[in-house]
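Chain IDs A, B, C and D follow the sequence of writing; residue 1 opens each chain.
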Amino acid sequence: MKIGYIGLGKMGSGIARNLLRAGHELIVFNRTGEKAEALAGEGAHIAGSLGEACREREAVMTMLADDPAVAGVVFGEHGIASSLEPESVHISQSTISTRLAKQLASEHRNRGHEFVSAPVFGRPEIAEAGKLVVVVAGDRKTVERCRPLFDAIGRATFIAGSEPWQANAVKLCGNFMIASMIEAFSEAYATLRKCAVDHHLFREVMNELFGSPIYKNYGRIVADQEFDPPGFTLMLGLKDIRLVLEAAEDVNAPMPLASVIRNHMISGVAQGQEDLDWSSIARVLARNAGLEN
Amino acid sequence: MKIGYIGLGKMGSGIARNLLRAGHELIVFNRTGEKAEALAGEGAHIAGSLGEACREREAVMTMLADDPAVAGVVFGEHGIASSLEPESVHISQSTISTRLAKQLASEHRNRGHEFVSAPVFGRPEIAEAGKLVVVVAGDRKTVERCRPLFDAIGRATFIAGSEPWQANAVKLCGNFMIASMIEAFSEAYATLRKCAVDHHLFREVMNELFGSPIYKNYGRIVADQEFDPPGFTLMLGLKDIRLVLEAAEDVNAPMPLASVIRNHMISGVAQGQEDLDWSSIARVLARNAGLEN
Amino acid sequence: MKIGYIGLGKMGSGIARNLLRAGHELIVFNRTGEKAEALAGEGAHIAGSLGEACREREAVMTMLADDPAVAGVVFGEHGIASSLEPESVHISQSTISTRLAKQLASEHRNRGHEFVSAPVFGRPEIAEAGKLVVVVAGDRKTVERCRPLFDAIGRATFIAGSEPWQANAVKLCGNFMIASMIEAFSEAYATLRKCAVDHHLFREVMNELFGSPIYKNYGRIVADQEFDPPGFTLMLGLKDIRLVLEAAEDVNAPMPLASVIRNHMISGVAQGQEDLDWSSIARVLARNAGLEN
Amino acid sequence: MKIGYIGLGKMGSGIARNLLRAGHELIVFNRTGEKAEALAGEGAHIAGSLGEACREREAVMTMLADDPAVAGVVFGEHGIASSLEPESVHISQSTISTRLAKQLASEHRNRGHEFVSAPVFGRPEIAEAGKLVVVVAGDRKTVERCRPLFDAIGRATFIAGSEPWQANAVKLCGNFMIASMIEAFSEAYATLRKCAVDHHLFREVMNELFGSPIYKNYGRIVADQEFDPPGFTLMLGLKDIRLVLEAAEDVNAPMPLASVIRNHMISGVAQGQEDLDWSSIARVLARNAGLEN
């Protein structure tokens, strides 16, 4: 397929590379040029402007940091909304609010575009390996038309529903599940450290018990307090928890555990941890138990 | 080794069977006789009384429901405290409070007994298969002396510390980790159901993401609302969360997530769910989101 | 002073009447005309349009339901932003977000207007009696210039700071204090009802203990479950708690109690209580304790 | 009436003095003798032992720190249980658990004694002035017989029910109401300080709004951070919140706000604040918002 790819951060670059490998024709665009050039050597064309990245494309895919970044690229001057060809599809892979996803769906529909949400689970190395978990929602026919793209970048594709925002709800709830695990580790570690139990021992027991690579990874990061450099910053983590609470409030569902996590994240930011890994909420819990760090 | 085994519920029976298979000499005792007889056919002797189960034993092991049951068997008439031979060891496998574990350690020490805490993770079928995860704490020499017993019943043994109660702290924190996952599933499912997203779809995404048998098991139970018959009752779950909060309070560690779970469990009990599975807190969350069930 | 008054709901009408009584020259505007006519008999002029209500006015005061209403009246066609005379002041009395207050301050400054936030505490009958508590923030000179207006409508005026949004922060925190009292009553009543203690008895003890008219009023409303007609709807209460959490997040302050209240309010809305009094969160707590209502 | 009074702390001494003033015949007992002697000058007899304080008394009143102190004085050697005359009444004024109150009722009944719970609201200077708020529960006839005692020490007496523990439930819920107000002030102050709003200004607004002496008192203590010397220690406050959560759990009522307070109190204790005033939980909230103190 003829694809425009916008947003070449760690995730986007890995995804774009796998699309190229699968034989799709790619024109890429990034706010800062360097990252685009790295992909040129692998066969991607480089767009000089947003508009160019949309011209004569069957699909334009975006992978950007947050709501304002996506809104800017879509609704800004020469943005996707005005540049996308009729009947082409915009595939949004960013972790954005369900509200923005609803707005995107509506605005694209008004312009005769298709819109699909396809956020992904997995860290940059997983993106690079083409082993992401892809959650897709949107018009069934359009989703099927795009399936080769999802197959190229992920190990599994799940269809969340026919409304694009539903995929974003699933993505936000998934991040909430991970944050809940981090919160639980943080509380258990603080308690056990005060019981003079080695928290690395507990980490090993949990590895044995849950048998999950995610538990293994975060159990270790938190136990070692390896928060810098961050895999995913506290600032972005707080954004996602805010968005899941907002999505839940829009359907009148309370999420008390998400509220607890939110308060600890805010406290972490208040202590200057915004650029550390989001699992550094463990420091908030440790401090509240009277531990030095 | 010459073992007395007290408490032949689902867990205790499976453990006793594996001790027999490993060649240990077992005399068993249970409040109700039938369960003991089932083990007689596999080579166990049946004790007519608590005292008899303690006589000339190198170790007496207990697997009982809660603090009062353990305290009754240890401090009651002809109980373990008065019947155990000097230098013999009492191995407690029940999920009890750290407070009772401290008291048991102190009382046994005063009587010249050894005391080891060795609670286990795993459901009855895992106990039957001899694949439990065993967490042990106590005097190092004594623990080493008993290691063949742990090897006979589990797939992995972890040493939590030299104070028996530390193993109980680890066990309680482990149950808290599982309860946290249930709470997180409950909140995510309620939100997604109100988003008209199939929660079974979310379950599958989480299976793919976490790759954990425990997520797979509870994700399904909660999605199917398969709370009866219970694998572990809400009443026992609430007991464990109460005990982890108590253990944490004793070392001045707050556990806000555990408090959230506790309140939902109490609400479940208030609605008559005490004999359902502990994952039925999902019903509390569903109700609070305005769902019928 | 020559005043334009916009928004003649229960609160605005009472305030406008007291401004008239104090001798100020008033031109009033309301989306629906009837309420304006009621004030005509007391000496107010009626504006045919928003623009007319702003012409040749020293101050324009607004008392509207929420952020969108205020933003509409200020930034809409012929709105205050474009109609207010240079050097005139816009006095906002609505309970709005600190974010909108910051935006209003900035936009008015750019147009050469003054802007003061002056939200009030008190119910309609207090507004009618001219006994409100007024919290003001903005440029000191401008605030002093407007002081006769505040004296005309309230029993006490407090200066919160020189940035208008600070008055909104105080107002939101004040509403949070009242909501906290309602939450506390709700939890205590549910517990005591399950202890077979008459909660009216508890209400009387709290009256004696706190000696506060607000405790007396809400203690009774909640005990009698007198939620309809509402004094202040759950929908508006949820809005205010959302805004206080947002204001606190903007300065990196966690508010765990506000989060608890928020979740109970959402649960109340999920159960269809959005148009009942905000103190109907008591029903959520009662239900969670297994009480019929 | 012929009264034995046991426990002459700040509260007990003030109460005993008012009983003497009302003409009752008093014999007093305190663990440490000095405090008893101070009352001798005002007409009290001094008991040399617990047993002596119970002999030939129509009523024995106790005002002690916590459950263990009360249990010790009642069930210890020569304690009230064994020394009280048949048909005499034990009036417990301490803030104890509903569980101990139930046990006291049952044990006294078995011995042919009457038992009444009569905890009080008010600080030492209120006790001294005979202006306490008294909450009483127990057999109606016995309560009426003792009414002159309550009239002598308080400004108002409320009957909570016919089971003594019900008065303790009311007392614990009342302390929870006060703690909720402290929590709310703590959160609002932290947020407003980060908004650069003077929290003393907020205190004054709340005084005007609530018009309550309790708000005035705690609003000032928290704003001034006047936590030492304590009016009521954090350790005792935590005990009461633990007891209200326990009482609520016994009737299957969740109290999420009480759980939030509990966690902040534990965090305060973990930071070494156990002997400061219980309102020092404000420091926990300030720290969590990134404020120095």
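By definition in this document, contacts are C-beta pairs under 8 Å (C-beta built on N, C-alpha and C of every residue); 3 or more make two chains touch, one makes a residue touch a chain.
It should be emphasised that the depicted structure is a prediction, and the values quoted were computed from it without experimental measurement.
> Give me the step distance from chain B to chain D, shortest route via touching chains only.
1
> Name whichever of C-D and A-D has more C-beta pairs touching across its two chains.
Comparing A-D with C-D, the pair joined by more C-beta contacts is C-D.
> With centres defined as the mean of C-alpha atoms, identify the chain lying farthest from chain C.
Most distant chain from chain C: B.
> Over half of interface residue numbers shared between chain A and chain B means same, under half means different, so which is it?
Both copies, chain A as well as chain B, present the same residues to each other, with over half of the numbers appearing on both sides.
> Based only on mean CA positions, could you tell me how far chain A sits from chain D in angstrom?
That pair's centroid distance is 53 Å.
> Nearest whole angstrom, what separates the Cα centre of chain C from the Cα centre of chain D?
Here chain C and chain D have centroids separated by 38 Å.
> Residues of chain A that touch two or more other chains: which are they?
Each of 248, 252-256, 260, 263-264, 267, 270, 288-290 in chain A touches at least two other chains.
> Under the definition above, what is the set of chain C residues touching chain D in their complex?
98, 121, 133, 135, 155-156, 158-161, 163, 165-166, 169-170, 173-174, 176-178, 180-181, 183-185, 187-188, 190-192, 194-198, 201-202, 204-206, 208-215, 244, 247-248, 251-258, 260, 264, 285, 288-290
> Help me check something: in the complex, which residues belonging to chain D touch chain B?
242, 248-249, 252-256, 259-260, 262-264, 266-267, 269-270
> Contact residues on chain C for chain B in the complex?
Where chain C meets chain B, its residues are 256, 263, 267, 270-272, 284, 287-290.
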